[in-house]
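Input: one structure, supplied below.
Labels run A, B, C and D following the written order; every chain starts at residue 1.
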Amino acid sequence: MRIGVVTFPGSLDDRDALRAVRIAGGTPVSLWHGDEDIKGVDAVVLPGGFSYGDYLRCGAIARFAPVMSEIIRLAGPPTQTSPGLPVLGICNGFQVLCESHLLPGALIRNEQQQFICRDQKLRIERTDTVWTNRYGKDDEIVVPLKNGEGGFAADQATLDMLEGEGRVVARYLDVNPNGSFRDIAGISNATGTVVGLMPHPEHATEAGYGPEAQAANSTGDGTDGLAFFTSALQGVLSA
Amino acid sequence: MGRVVIDVMPKPEILDPQGKAVVGALARLGFKEFAGARQGKRFELEVEGEVDQAVLDRARQAAETLLSNPVIEDVVAVRAASDQE
Amino acid sequence: MTSDSMNLTPEQRAALDTVEKAATTPDVEQPWAALGMKADEYEAVRKILERRPTGSELAMYSVMWSEHCSYKSSKVHLRQFGEKTTEAMKEHLLVGIGENAGVVDIGQGWAVTFKVESHNHPSYVEPYQGAATGVGGIVRDIISMGARPVAVMDPLRFGALDHPDTHRVLPGIVAGVGGYGNCLGLPNIGGEVSFDPCYQGNPLVNALAVGTLRHEDIHLANARGNGNLVVLFGARTGGDGIGGASILASDTFTEGGPTKRPAVQVGDPFAEKVLIECCLDLFKADVVQGIQDLGAAGLSCAFSELASNGDGGMLVHLDRAPLRDSTLAPEEILMSESQERMMAVVTPEDLPGFLEITNRWDVEATVMGEVTDTGRLVVLWHGETIVDVPPRSVAHDGPVYERPYSRPEWLDARQADTPDRLPKPQTDDELKSLVVTMAGTPNLASRAWITNQYDKYVQGNTAQAMPDDAGVLRVDEESGLGVAIATDCNQRFAALDPYTGAQLALAEAYRNVGVAGGKPLAVTDCLNFGSPEDPAVMWQFAEAVRGLADGCQTLGIPVTGGNVSLYNQTGSTAIHPTPVVGVLGVLDDVARRTPSGWKSAGAQLFLLGTTRAEFAGSEWAWSQHEHLGGLPPQVDLAAEQALATVMVQASSDELVVAAHDLSDGGLAQALVESSLRHGVGATVSLEAACERDGVDAFTLLFAESAARAVVAVKPEAAQQFTEACQAQGVPVVALGSTGGETVAVEGRFELTLDELRVAHERTLPEALNA
Amino acid sequence: MGRVVIDVMPKPEILDPQGKAVVGALARLGFKEFAGARQGKRFELEVEGEVDQAVLDRARQAAETLLSNPVIEDVVAVRAASDQE
């Protein structure tokens, strides 16, 4: 199973995402923003960071990178021959997905006007996505969150649509760290192939380097995020 | 050399955390008469030569594809910069 | 790549101050004083050149001979760091003092480079950008050694928490440190925050960066090889911080604000991030002979240092420099401190490969000239010679001052005013409420409001960070080899006695690293002081350096680099001497580090070290009585060494589950912090320790004696652990055990973790969110 | 209800990384005619009643003390919002 991780200028968590894919048992493949070729990978992770410095708007410039045209084309609505390329956008990657209109809504500046780094409790609400099928419904986990512009925003109709179609993948518990509407931490497209998530599961895949905080369904050693990556291995196979 | 000014503001119905912070800070400094505040962006683009309608059309296109995100923002103005600006 | 050889107009040519013109117009008035030069310094330049300098030469000498770049006041003292480094201490030293940063061998072919620098004055003027560019600058020092930057730390000092200017300065500085470091993808793994009115008009922003590399990847700042090319790459040059190096760093602030508002530098962390990745690719492709970052004094520094550390000559075409502002004069280009620029020496054969990599990263690169064997640094401007100097005279042979120093006469009175006269708590109830109050003083309260703005996870190698005693990083993913780093300084101790104060700063950082399980290897320091022209300040400086150098010699760990920041004062009032010390240690496997909080009940608690009635300069004396007097705690470096030896061994034998060194706030604060860390309390009994050391409960709880730690030991390992302590001669006494929802002192009082948490966590948010 | 518009731009001599990023992105998208770009801020403040000179004076004061950082930014305009805005 080959999972590609895109490096944009200013990507930061790309090496961490590659490591997470490896720990999960997949084959990590580095992808370069300036290439249209995605090297035939089975799935793609758009990593965290500050692509192009996050100047203008987060993800706005990265969305026009050559590699994104290919990803947008392959990840688009499913066709008879293809269920759509699975894509996980983490933090800045989530912002790129919204700017690319692969996911609805947008991410705006944190309500408290500060960058925040914390161990964040989440509830996994949708488990029939490529990226969350190894979690149980309503599992409570802890993964790091670190962002300055992580507030998920959309109009009422879009929010109602997301809720109605069960497309909220993860929700913040205990603390809403950035003013996200309806405590939304992550959403998916209709088919569950494309997922955007503000917190960082790739930073909770190795014992000793993840969060110390625990939740009801925590693994106990700070590796609650690993299942995002093991899910993809599973999900791509059965797709 | 000409200059185009493009103004982009958060959509009224979308939460504007920066605007909210601005009203709060204004009130704390005693500027209580300002009951609301919104914070957007102002771009200035430079072109060789005159700013004519063709340039303005291109600038609007740039504003709508790159400089604003239609989900959360409106392009409120695209115009030639006046001389004092 | 060729110079934009737009020819100068006749008027421009006439206005240009060339070497030729300087030789024939010896009497032209020059603005050396406005550039911060003294008359004798200007004369010295004339003597070196045997003529008057050109405007461009004057610009170069003035910035390079400024206090900030030349260390002219501090040099005679700093020499001790080299002189007191014995051969044995150099065992792990791959690159010592003098390069951009020192490099330390940590084994398995890995090396680490680290250094701390100040950005104090710029951060007062423009907190966000000042702090941001401070981080940017120190990170470029690390890159220029050939290393990948892997973490930052930020020792900070502010005025009183309730002072209005602190509310302007602190949020901006913290946002700037975070904004830049987070965007670079460098985890922040620790630092310091201290509040003291002495910093009201003069906050301190020190930034430390760490990088890792393989031994064979070390790069140095020198220009060798006649005919090799000198390439400037990164951001364009603008008018940022022109004259900053001399004017900013050599001038004091007067009451109410800076005397001169310097042009502020604005950082572009994105450009720096790209520059980091680009440099790493250049190193990997082996297309760089020598490399230098551009910081203070910009091109003046890069040209002259590269040339004088190499074959001694260089010819550059200054008009080729890509500019952000086309109106800049050559003098300004030479002085500009625009950020995010680097300079490399590249062989002609490697140039295509070099440019391929810079293109891939969209980084602008320009061949400025070449290395020569003439022994002269020659700078051309559209073909005219505007600089022709011996590079060493600019970079290394600046003035050296033996500034007069004398022990301030007020010190006797201050030292005589001991805390003995202060009223102490009498009852257990008073002790109990003091524990709560102290947990919430500005200097002891939780730093989460600040540290939550820093990314500590990025890169995935952070084994430990805030609020633990030391930051711990994995360096090798296979073996778990890693480093622990801590920075410390109690400026009140240094104010009472700078020699001892500097040693206490060293001892505390050393202890933090040792307690976390790191074997201390090397030291970096940032010496923040007032004006060197004040003999009292100069004495403090001399004493602090002597103390630190002696201390390092005793501990057997060398100073590998650092920074001096002088003129930190408002009017004639200097800050407390603030010698910030960073210590780096190595762990064979970071999985066996010792965290500072206990995670579960049932561990046995021991107190290591001896407690004396040492309250001078303590947080108790200061926060409860605004008292600063007496003599600081005793330093016993042999005891620190023994403590670290025990703790490093215990961590690698996995005997201990947690350990916290005792420093500000003493034992009480350590118990509170270690209990709050994971919400697991403790029950302790003070009697045995009090009796052994002949002190009362108050002293045991709040004194700030050095060489102490509280350690949580697996019950089955208790005997082995105490024997290990005894074998090293480390005093050890059982305190109690972990568990429960309270911090309980048997027979005296009990505090719930909830009330302690509220007291500890509310101070900063209440003050700063207002 | 009246509205005051305040425009704040980075000082010309100061590095403007955002503007730099915008020109680069515009060029990559084929908008090569825009040779330079700067990005600043636009604030809209709401007041009860008319925007008269007194209000504008107060707004300028707010602009200069809070809404801009005089070390790196200029307040380029303080004016009543026109009706279309």
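Heads up, the rule we're going with is that contacts are C-beta pairs under 8 Å (C-beta built on N, C-alpha and C of every residue); 3 or more make two chains touch, one makes a residue touch a chain.
For clarity, every value in this text was computed on a predicted model and none was experimentally measured.
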Those chains that touch chain C and also touch chain B are A, D
Higher number of C-beta pairs in contact (A-D or C-D) found for C-D
Rounded Å distance between chain B and chain D, as computed from the means of their C-alpha atoms: 7
So, what's the distance in Å between the C-alpha centres of chain C and chain A? 36
Find every residue in chain B that makes contact with two or more other chains and list them. 66-67
Could you list which residues of chain A touch at least two other chains? 52-53, 55-56, 60-61, 64
Among the residues of chain C, which ones contact at least 2 other chains? 268, 270-271, 362
Can you name every chain pair that touches? A-B, A-C, A-D, B-D, C-D
Listed in rising order, the residues of chain C that touch chain A in the complex are 175, 178-179, 182-185, 268-271, 273-274, 277, 360-362, 452-463, 474, 477, 590-591, 678
What residues of chain D sit close enough to touch chain A in their complex? 17-18, 20-22, 24-25, 28-29, 39
Under the stated contact criterion, what part of chain B meets chain A in this complex? 10, 13-18, 20-21, 66-67, 69, 71-72
Would you tell me which residues of chain C are touching chain D in their complex? 125-126, 129, 235, 238-240, 261, 263-268, 270-271, 324-325, 338-339, 362
Under the stated contact criterion, what part of chain B meets chain D in this complex? 4, 7-9, 19, 22, 25-26, 29, 31, 33-48, 55, 58-59, 61-62, 65-67, 76-77, 85
